[in-house]
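You will see subunit A twice below: alongside subunit B first, and alongside subunit C after that.
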Partner chain A sequence: MDNRPLEYDYTIAKWFMLTTVVLGIVGMLVGVILAWQMAFPAVNTFAGEGLAEYTNFSRLRPLHTDAVIFGFTLSGIFATWYYIGQRVLKVSMAESRFLMFLGKLHFWLYLLLVAAVVVSLLLGITTSKEYAEFEWPIDIAVVVVWVIWGMGLFGLIGIRREKSLYISIWYYIATFLGIAMLYLFNNMAIPTYFVSGGIGAWYHSVSMYSGTNDALVQWWYGHNAVAFGFTVPIVAMIYYFLPKESGQAVYSYKLSLLAFWGLMFVYLWAGGHHLLFSTVPDWMQTMGSVFSVVLILPSWGSAINMLLTMKGEWQQVAASPLIKFMILASTFYMFSTLEGPIQAIKSVNALAHFTDWIVGHVHDGALGWVAFMIMAALFHMAPRVFKREIYSKSLMNTQFWVQTLGVVLYFTSMWIAGITQGMMWRAHDEFGNLAYSFIDTVSVLQPYFTIRAVGGTLYLVGMFLFAYNMYKTMTSSRRVEENELQNASPMGA
Partner chain B sequence: MDIATLQAYGYFFFTGFLVVVLYSYIYHLYSSQKKGIRDYEKYSNIALHDDITDPPIEEISKNDEIKR
Partner chain C sequence: MFHWLEKNPFFFAVAVFVVIAFAGLIEILPNFAQASRPVIGTKPYTTLELAGRHVYIKNSCNACHSQLIRPFKSETDRYGKYSLSGEYAYDRPFLWGSKRTGPDLMRVGNYRTTDWHENHMKNPVAVVPGSIMPAYRWMFKNTADIDTAFAEQLTIMKAFAVPYNTEIPMADGSKVTVALADTVEGARASALEEAKVITADMKDQAVKDAVAAGTIPEIVAIIAYMNSLK
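Entry: the complex of A and B
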């Protein structure tokens, strides 16, 4: 045994950083293809008529959503967990061979799962439940991977030196528990082949719930996938990375605790807003609306806490592109957590439901908040795990502005498209006859679909800049000493 | 009273109960800070001083000994 001083072991964090970048590009590339397909239907056969089965909108759409949720975002969550977890618990993965083994197993099984998902979705094998498309054999594997992550998570907490769990850890625990519960219940399914005595394919299934109940469980899951995949773990990240990068203590730690418990109590009840004006009981719809509005409080509790953390230090926003990414992320968090509740109000929803405004809302949250925060996290981690400075500050700045422009084009075009669409659908003449047919709306919306596709393309260009910057950081940037890594991340010109 | 009415009452009072719990928690946080029972704000430093060589903000063993 040599007497090397103890260090944090970032092996698994590094691996997940890699999948974050790769799957981010894949997921967003598919998204951009879809956006162009919406604007120009001929793009559906961009790879030729023969491959149209694999390249059409409906085949690619779940690949886009699942790649960005379970590929990009989840990889980002795991990468940051294997980084933040060690640091705030003050214990190294290197101290436990078992935890290290679990972490590696976690990564490789996750990668296998990703491959299985990509293949099965491209082949059109799906349960047809949104964000829960995976068939039962994959679902079982997902549960195994999740449990392995959980064992690693609680294992690391078990051997910690720091008694108190930093607020980010609470959020990671909530991510683990929340998704575990949601995923299990929503994916309860009956494998038809085995129950029917050999009819159909062995991997097919039907949901264990039916009709309205199925819809309710699905949107309890669907909305909380946003909660525990797109909000809770991303809040975990910003509570660590913003204070760390800026050198400022969290403005109010008590507020962070309060916002945490507020979010936990409120979020789970809001899913009903996806089913307004449907066949679910009216009181449940009202509950969905009310809880969605209440949700503003804990969401803004965290977001304002982050902005106030920068109190007196706002010059850092101008000086550091990394801080810029995080401040924009937290601003978009505030923005989309106000927009969501507005859309959940029944009278607004009567107009907004099924329109592109909803798509706009999802993307200002996902692109502006989730992806910006994950990229900022990776930028902060890179110099620490690779022991090299960030390759290019100016490239980061360029990426920031290209992507910000992309998000703005995306959500503004979808706002206009969505509200136009909603107004046209409900317009009628004095006798109550509908004024427009569906195709009338499509031809009016086409220019906005094009703007959206341009916005998405700009965001994807930014992703390539990000990937290039990360690659150069990893391979050829200036090496840095430990004392350069205290707060603000070192960056090359 | 049918089951739906019972559910509605149950739901109403449960919501009220949660509101009380939430406000008690806020009171608890701020009063324990004020009375000096626990300094919550120091936990922010867990993120700021997180090198493996940094002393923990609250060490496990030490803290267990002085447990109230």
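Entry: the complex of A and C
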């Protein structure tokens, strides 16, 4: 306790760490089921014909995406916020009863929401909009939970001792504001029950936007939910955890400035790339395309800043599995933010849109970048919040390689599947007729669907290793003293 | 300036908000009114069709099927005329989808029949060997929610002036009126009339019996919806 005047309160961080692990496993398990259903359709009735309505692909698909985005990732964001926030602002949650109360309320309402979402999606209560499937009662609750988090966030900033906001805090603020704006506008809907004078289902609503406008607002949201859920807060994490774990200072402050403000300005324009060759105005499609390519700059700005932070210390990558996770995450971030702009080029998009290549892109980002970074964050936090060393370093290494193999199998198979199908859809024979019927272009994908399912299963196995390692760390690992917790996290064999 | 912002969280947040809100204003607002105007021949959904659309949404059909034909020869050959913005004027929400695990359905009503859908939803591989689509047998048992569809029709008529009970110009110069009942009982009755037209082409005896007895299974509604997609 020599150089640390404060004892931080990690109660809420711990709770969210738990939901990160549990909802991560749930979301990915559902994803693996979906993957096997596409390879072998008989899996759609794995729980019997009677329950087929609730176990078939179409009912489970939104559950998978929402569990991973709003369950796993959001929990990870909250867990790291309740950890990083106190430390870089140099103020403890325990100093304010009100903030502590808000934090607890935040967690329990969030948990209640998760339950409501699972039930409603399984029942098929959905608005159909991707990552915005929830009907209005849940939407209102989401807004309440978000505002509570925001109050806690700005409250903690309000009572801070460190006057300058660290880079991670910029990104958390942006996450809060970005999601708030996007979510509110995309979910504008009118509850039909009240307008019609009490007819039909009370939870049903109809979108305020129609057709092309609805699509435009949805993909402005959909694309930027990725920005402010899968990029911005994850960058917040790596800016904190990589310098901490490696003991290196962030390579360049100016680069972090450029990357932050660049990302804020450019990202929102790029949503139009989801609507290329659709019925939205052409100039908007071109804007989406061009800004997507420009987006490489701020994305790579952050990633390169992180890689250069390791300058002269690359032996740590070999020595520490925790650093490995973060460096791979950063590398996948670069990879994914190069792949995305390529897919946003009109001529490439003509081929790639509607195919599995897009699915592959989402997953090399989500599995390789987001999930790896969140798990690395949790590994770094565990010894500090539980005051025990990480249970097993070799298990971490095993998990790293199993999951890396899983991601590689996933995106390579989806590349091949997507490009194959895209080429077959557009192929004409010598007489100018379509060369393939639609089902030909589906049957040919079976081997790739199988490889993808294997890749996904490997990743899920890694999640179980992660959960086991965290559980042992929490319960029975060696206790550590405060002075062991300087930079590199203590790990057992 | 940045150093100053980093010490003043309020102004920092304002600056971030302005920077991120900018793109939305520029991209979304200018064409908003124009993009919501229907083309000639586009008409709002009937009660049964809308109930069918709700079944479509309930089962996330849009997770695997698009409703957006892009202006390429390979797509117009396969699915028909490319999509126009005004054709979606009454689609709330839009159902373009983002993935084609199955084929596009924008104009499926032009080339598939009630009978085809009935067989296909019951057992896809029997109709399309090699299909990986799951069977949707529960749609033959679940009852379609006509009341909610009617409530939605009332809502969009009030809030967005969707032209029910109004003459709508068709491409061939004729006029069509989509009727909307005054009461929920009237809506149920008119949906039942529509359902009887569908079941006349169906084989499943349980479904025929249900409609004869006055309840409409989900399968009838979703077929009505898919037949309307042209």
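FYI, the second predicted complex is superposed on the first by the 487 of 493 C-alpha atoms of A that agree within 3 Å, B and C clash if a C-alpha of one lies under 4 Å from a C-alpha of the other, contacts with A are read in each partner's own complex, and residues count from 1 in each chain.
Here is the rule we use: a contact is a pair of C-beta atoms (placed from the backbone, for glycine too) under 8 Å apart; a residue touches a chain by one contact, two chains touch by 3 or more.
All of these numbers come straight from a predicted model, not from anything done at the bench.
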Partner chain in contact with A:Lys163 - subunit B first, subunit C second, else both or neither: both
Which superposed partner A:Met284 touches (first subunit B, second subunit C, both, neither): second
Which superposed partner A:Tyr239 touches (first subunit B, second subunit C, both, neither): first
First (subunit B), second (subunit C), both or neither touched by A:Lys90: first
Partner chain in contact with A:Leu257 - subunit B first, subunit C second, else both or neither: both
Touched partner set for A:Gly200, first subunit B, second subunit C, both or neither: second
Subunit B versus subunit C as contact partner of A:Gln37, first or second or both or neither: second
First (subunit B), second (subunit C), both or neither touched by A:Ser476: neither
Contacts of A:Leu6 with subunit B and subunit C, given as first, second, both or neither: first
Residues of subunit A at both interfaces, subunit B in one complex, subunit C in the other: 163-164, 257, 261, 265, 287
In the complex, subunit A residues that touch subunit C: 37-38, 41, 44-45, 49, 52-53, 56-59, 61-62, 124-130, 154, 157-158, 163-165, 170, 173-174, 177-178, 181, 185, 190, 192-193, 195-197, 199-201, 204, 206-207, 209-218, 220, 257, 261, 264-265, 267-269, 271-272, 274, 277-281, 284, 287, 291, 350, 353-356, 358-359, 425-428, 433-434, 438-439, 442-443
Subunit B residues within the subunit A interface of the complex: 8, 11, 18, 22, 25-26, 29-30, 33, 40-48, 50-54, 56-60, 63-64
Contact footprint of subunit B on subunit A as seen in their complex: 5-8, 87-88, 90, 92, 160-164, 166-168, 239-240, 243-244, 247, 249-250, 252-254, 257-258, 261-262, 265, 283, 287
Sites on subunit C touched by subunit A in the complex: 2-3, 6-7, 9, 12-13, 16-17, 19-24, 27-28, 31-32, 35-36, 57-64, 66, 68, 70-75, 77-78, 83-103, 125, 128-138, 142, 145, 147-152, 154-156, 158-160, 184
